[in-house]
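The following pair of complexes shares a single chain, subunit A, combined with subunit B in the former and subunit C in the latter.
This part shows the complex of A and B:
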């Protein structure tokens, strides 16, 4: 198919059709933050961090899955977009009980990086019961600490689409949603073997490689 | 404007177990007319002329939607009748299904013919399991009479999730996946059920179709207001003397429904459209019920002077939080945060920033949620803050007084 012309942040650009807003922005060095997106996975549209303003649209749209149409006028850093983005990051931090502050892995946490990029301080909001799960180290290949999980569903997609295993899925609903294996069973050696694509996809370190953790703790890396 | 019956005209007049009583009332004539004298394009044009809009809440023009599905270049297409009526205080579809399943089947048959679908699903709410036999029987009888030669009608039962009334979550549910919304585009008319073009319409919408085919789109256009043609079936409950199902012409004032028909007294507020519906105060009861002003799914709940608005919004929010699918951040986390704010207001731990936070959170949820649930959830919060702000202020003031008291007294 041919090219289409769109305007992002006042600059007119020509891109091949079909293409998502995020792809076009990345190609033109316009930064749109994401948490649940990974280029080699199909879009998730879950975290809503990548929302942008499209003129004429009723709501903001997520850049990662919205296809461009000819003549679209997009603003990626309008005050409305920035304020909503900040609120979403705050919401993610609110229910988050990960031991981020004194964790050696905190530097790798995409949510923390995003929060500092967007200058989000102490969240304005509170929940009665933040998510807390005991860390699991029973699997020799992957360590799971669901307290750090921000439910971006990336691990589920990676397990399905890259590994083709379908070990991980989403259980429960609403605020209680949780990434589970089987019928919410422990992540043991029997369920999950050693591909670790989920740990590589995880933006926060809720799933991580035990060896990496060990070395870091020992100061080797 | 008095009651006007188009959709529910046969309710009570026919025996829902016997198709002959329906045929005696002129049933299935519209289907015969469509199949014998009209092409699918004729039907779509007639519906376009009538300006019929979806009755499920979103109010999208049916003719336009059907045309998109008709033109989609796939052989396999689906029609889904959304009978997952799970909005709080909404029971109009239950009434229609129980009293007159045949008009629905006729509407489904005509619609499927118009869009070119060979399979139609009726997605029945889990709580309406008691209607399953009645519907199955009605489909069987219609089949025996030879009305469904061009179509296979199947019933799929839900599993008790509110979100599965949202069209994309409904399709996931039929496909056997987790009931969570999909992002759009692609729209269902392009890639819907099993990635095939799909039309999803509410029970009431489909039941409008036979009368439009019989009497013409121009006739339908004469009823209702400029942007909302036809009638609307409402289910009214709450602090009223005569709760029940009423069909009114579009544009009728809220007062007509709530006071004249249902007999409400000492009204404080009326919520139109279920848990995430708009709230209007008693002094705005002249507002017309139409797509331009307020409508939603047709569930109307009346609150009298003894009710506490913050309490009521709190309950709505608990419901919505429980029913959120948990997929997107703003809805999953936002509803939980709102519950916490309301909980603190209730137990006297409110702070002045609460109202500001509710507003900021509402804006973010409305603008960035993935589907209608998260986008509509803050509506009652914003409406109550607009019309009943003093109740929030009272709660916060009381909280501050409580805070100043010595711990032993508080």
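This part shows the complex of A and C:
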């Protein structure tokens, strides 16, 4: 388990083995955006926002779960990477229903922040039937608005791995996929108690803490 | 329905038996009742939401009650090129429901599915587990009349 040498954006660096591309980049102050990744959760590489170019690789790879190998040459901001990343944001936005323009919680939405960072303009992709789920406010600790969910599965992982409760999982398939509790039941106090790790993990405000929301709303008025 | 587990034995079952159990439930009750999901989750030591996740994922399992006969029409490319739209329309007209619905008398449910492996006889559909291929709108009535 010695050190290996890799090149990120033209700079040669030496890092301990094993390590992922993302970990090495973060350690060297190279910013790679992420949505579904959190350092204390197992990476699952579903959102693809962290894609980077690795010389010799057939496709772009997700930095969050790709281990470094000796001599790897990585580009994190090449034109190809930026253009793909932008398209990924646009695709994610199509399923992220509702303009967050009037939403006080939009400031918390990592997807919108990313869209503005990458200068994603007017929506390019249109869906015939946008996903819509009524927001749920019955749980005093977590507010759920699944229309905003981008299915990054971070909440599922957080609930399993941090809280150890396994209350959340994925139900249905394809475009109908959604994060469910119980037999696709409402998120009530009986199912989900006050640990709120899922709300803290959620990058888009699909799960949020009503207490924080209240404060912001009051502040905004 | 409340005591689902009496008909299908859940004793000595492990996680890997989940799919077979759900399949038996589907055959027995024409859908997977909530009570069955709850009992199965308890017996296998899994959270209910995970059992529901599996039950709702597969096209041949349903968490909503289905009719006596389930019509599954392929909507993938080979069938599409062989005019499956027309078949879908004539089935819709014949039984008066749209995909995802069940007739009020509970006789038929209609679903659109992915490839059923009958591309050689496209356009094709399944009624329960019977494959019907080389369909034409004229043959739909004839075929459906054999299921009562």
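The working rule: the second predicted complex is superposed on the first by the 217 of 221 C-alpha atoms of A that agree within 3 Å, B and C clash if a C-alpha of one lies under 4 Å from a C-alpha of the other, contacts with A are read in each partner's own complex, and residues count from 1 in each chain.
Going forward, a residue touches a chain if its C-beta (ideal position, glycine included) is under 8 Å from a C-beta of that chain, and two chains touch if they have at least 3 such contacts.
On a predicted model such as this, the values are computed, not experimentally measured, just so you know.
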Message = On the A-aligned overlay, A:67 touches which partner chain: subunit B = first, subunit C = second, or both, or neither?
response = first
Request  = Name the contact category of A:128: first (subunit B only), second (subunit C only), both, or neither.
outcome  = first
Inquiry  = With both complexes superposed on chain A, which partner does A:168 reach: first (subunit B), second (subunit C), both or neither?
reply    = second
Query = Now for A:97: first (subunit B), second (subunit C), both, or neither, which partner does it touch?
reply = neither
Inquiry  = Under the stated touch criterion, which partner chain does A:28 make contact with: subunit B (first), subunit C (second), both, or neither?
reply    = neither
Key: subunit B versus subunit C as contact partner of A:42, first or second or both or neither   = neither
Key: Comparing the two partners subunit B and subunit C, which touches a greater set of residues in subunit A   = B
Task = Once the structures are superposed on A, label A:151 by its partner contacts, choosing first (subunit B), second (subunit C), both or neither.
result = first
Key: Which of subunit B and subunit C A:182 touches, first, second, both or neither   = second
Set of subunit A residues, in rising order, touched by both subunit B and subunit C = 169-170, 172-173
Request  = Show which residues of subunit A lie in contact with subunit B when the two form their complex.
outcome  = 43, 45-49, 51, 59-60, 62, 65-67, 80, 83-84, 87-88, 91-92, 94-95, 124-128, 150-151, 153, 169-170, 172-177
Ask   = Touching subunit A in the complex: which residues of subunit C?
value = 34, 37-38, 47-50, 52-53, 56-59, 63
Remark   = subunit A contacts subunit C in the complex at 166-173, 180-184
Query = Can you list the subunit B residues touching subunit A in their complex?
reply = 161, 163, 178, 180, 183, 185, 321-330, 332-337, 339-341, 343, 353, 357, 360-361, 363-364, 366-370, 375
